[in-house]
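Same chain, two partners: subunit A is paired with subunit B first, then with subunit C.
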Partner chain A sequence: MIEVKAVEKNYGSKKILKGVSFTANKGEITCLIGINGVGKTTILNAIMALTPINSGQILIGGEPIDKHTFEKITFIPDAITMLPHMTIAEAMEFMNDFYTGWNQRRATELLGFFRLNPSDKISSLSKGNTAKVNLLLGLALDVDYVLMDEPFSGIDMFSREEIANVFTSHLIENRGVILTTHEIGDIEHLIDKVVLLDDGMVTKEFNAEEVRETEGKSVIDVMREVYQR
Partner chain B sequence: MKKYIKLLNFEFNRIAKLFVVLLGITFVTQIIGVIVVSKNYLNMANEQIYDERINKVQFLETYGQMSFLQVVRSLWFVGPIALCLAGVALYIFLIWYRDWVGKNTFIYRLLMLPTTRLNIFYAKITTIMIMTIGLVSFQLIFLPIEILVMNSMVPNEFRADLSVVEIVTSILELSIIIPGSVVELILFYGAGLLVVSILFTGILMERSFRWKGIFAGLIYSALAVVILISPLLLQEFVLNGYFYPSELLVLEIVMGLIVLGATIWMSGFLLRKKITV
Partner chain C sequence: MNVNFNNRDPVYLQIIRYFKEKIAVGELAPGEEIPSRRELANKLKVNPNTAQRAYKEMEEQGLIYTEKNHPSKITTDIKVLGKVRNELLDEAVDMFVTSVRSINVPVEELLDLVRVKYSANDDKEA
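Coming up: the complex of A and B.
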């Protein structure tokens, strides 16, 4: 389980996170939803120790993050994390070099799934294909948790569909996923848990299926209630 | 250790092109320099001997023989060395900032590698050291080749032959980058390593705290310099030459090691706890 406990984060005098707490379980897709600038990316960066927090605590599998944690959790930011002049094959080789959990069989499967050419240079790829490579590099790791920042942002419809298909496939199964988005449309049916954020705070945390069954409301209905109050 | 070696290999491959380009520029420019300086001397000799009709002996008495030092003192020789120095100096900053700046988000990947983050620091600083030592080593290989080119152009009697050692020791700038003794080598390159590590810590402070980090970096650097030179200051102003030079040297080395240790610790702390992408 990923536990985010009372996390506060300031940029200068501006408070970005004002005591954010939530949990994300293994085997579930947890979605952080909120408008731009609400602190979604900052939360993911903080979980990965890519930015310091001012107070609070973040635990992954009950432990604070250290160098070994990066074999258990991976982060797929909204920009490619490899050098532009590398080919897809070189990027995969880099991952294989540094991560014991790199699963080449799954990487090859993902290449086929996304119809990517390993000899293509990353800098020559379209935005959609760059996002797919980024996803490939993250998902081909045998990790327990995957964090994704806006995986559908600025990507064409067909690429979005292909990426959404990943979530229902065995490529995600049994892992814990935290993803952020400001447009819920495409993935509403995929989400297990929703964390609504506003102004650096969690305004509501709920199980999508439960709300659907007990209250007959969709995620968007709940969002409407929360944000249009 | 394995991950450090892999990172070092990766970092070095990233500068390999720049390294080869700098070497190429140095070699070509210095060879052109040898040809130009030799030609100038030969033209002058021809002019004096054939046009002004003075004999060889008189010419040599007036103008002297040509030595490789004339090449070394020309811009053709010093220019590319200065360019390499500037290249290395610029690269000290570039080696960090290029992973953050613009569309490049490679720093995400580096910081998420399952290895101690200090390995990133070690790999980058080793790359700078290898680049520096590599450039100097190639300069040492280039020198005899350049001497050979000069020798093939300028006849024996017009030439004062100098060995590579004589050339290096007669020019102060060269004797710093190519020290004459092991102790000097350790001292000069140790000092270089220390300066680069302090600069790296300054860069990491800026990357951690942005504007405030620049001031923190400047204060940190100033503090490191004060600690480093504190034995010299004490010797000069308080103790009135109490230490023997050898004792002072040992004290300086100890201070250098303390500052290096503090700098590495601080960099590790920043990379683990304060760095922000």
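Coming up: the complex of A and C.
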């Protein structure tokens, strides 16, 4: 489980996170939802210790983050971090050099799944295919938790469907996923848990299926209630 | 396999309903093997945990059964199978009655209309 406890973060005098708390379980897909600028990416950065927090605590599997954590958790940012002149094959080699948890068998499977050509240069890829390579590089690591920042933004609907298919496959099974998005539409049925953020705080944390069952509401219904007050 | 899920009913119940419909019309035969939980999640594009929950519930209702190390199968229990059909029929008629009651039609007139529409539909399909 990833536990985010009362995390506060300021950039200068600007308060970005004002005491954010939520949990994300292993084997579940947790979705952080909020409009732009609400602090979604900052939360992911904080979980990965890419940015220092002013107060609060983050635990991964009950332990605070240290250098070994990075073999248990991976972060897929919203833009690919590989050098553009690299081919997909070279990028995979690069990952293999850096992470003991790199799983080439799974990487090869993902290449087929996304119909990517390993000899293609990353700079020559379409936006959708770049996003798929980015996802591949993260998902091919044998880690317990995967964080994804806006995996669907700016991508055509067919690529979006292909990416969404990953979530229903064994490539994600048993792992804990936290993803951020501002449009929930096509993934409503894929997510276990929703964390709604507004103005640096968690306004609501709920299980999607439970809300359908006990209140007869869709995720979007709940969002409407929370955001249009 | 293609299901249009609505967003307001629990997805696992919608999956169960989908199976019940297939059983009622005989598309899923008694004793027939059904996809694994993972296959189902992938085909229906739903969360694997939800598929798991649907199967668990169906097992509890006796709709499917699983022997060790084998794929799950549709029940062969005639009683359970008969109940599925009645249940769906009941539900559909209830819904129809509720919506038609607000119009306040004498039942004979209604039944005549149903007869006409029902056979017209048959002709179209034939």
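Everything below uses one rule, namely that the second predicted complex is superposed on the first by the 229 of 229 C-alpha atoms of A that agree within 3 Å, B and C clash if a C-alpha of one lies under 4 Å from a C-alpha of the other, contacts with A are read in each partner's own complex, and residues count from 1 in each chain.
By our rule, a residue touches a chain if its C-beta (ideal position, glycine included) is under 8 Å from a C-beta of that chain, and two chains touch if they have at least 3 such contacts.
Note that this is a predicted model, so its numbers are computed, not measured.
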Return fit or clash for subunit B versus subunit C, each positioned on subunit A through the superposition. fit
Touch check for A:G216: first (subunit B), second (subunit C), both, or neither? second
After lining up the shared chain so the two structures overlap, which partner does A:L116 touch, if you call subunit B first and subunit C second: first, second, both or neither? neither
Could you look at A:V226 and tell me whether it touches subunit B, subunit C, both or neither (first, second, both, neither)? neither
Check the residue A:H68 against both partner chains and state whether it touches subunit B (first), subunit C (second), both, or neither. first
Is A:T168 touching anything from subunit B or subunit C once the two structures are fitted on A? First, second, both or neither. second
After lining up the shared chain so the two structures overlap, which partner does A:A89 touch, if you call subunit B first and subunit C second: first, second, both or neither? neither
Report, please, how wide the angle is at the C-alpha centre of subunit A between subunit B and subunit C, in steps of 10 degrees. 160
Subunit B and subunit C, minimum CA distance [Å, superposed model]: 28
Footprint intersection on subunit A (subunit B / subunit C) at none
For the complex, give me every residue of subunit B touching subunit A. 3, 6, 10, 14, 103-106, 108-109, 111-117, 208, 272-277
Across the complex, what residues on subunit A touch subunit C? 27-29, 164-165, 167-170, 173, 188-192, 209, 212-213, 216-221
For the complex, which residues does subunit C have touching subunit A? 5-13, 38, 41-42, 44-50, 53
Mind pulling up the subunit A residues that touch subunit B in the complex? 45, 48-52, 67-71, 74-75, 77, 79-84, 94, 97-100
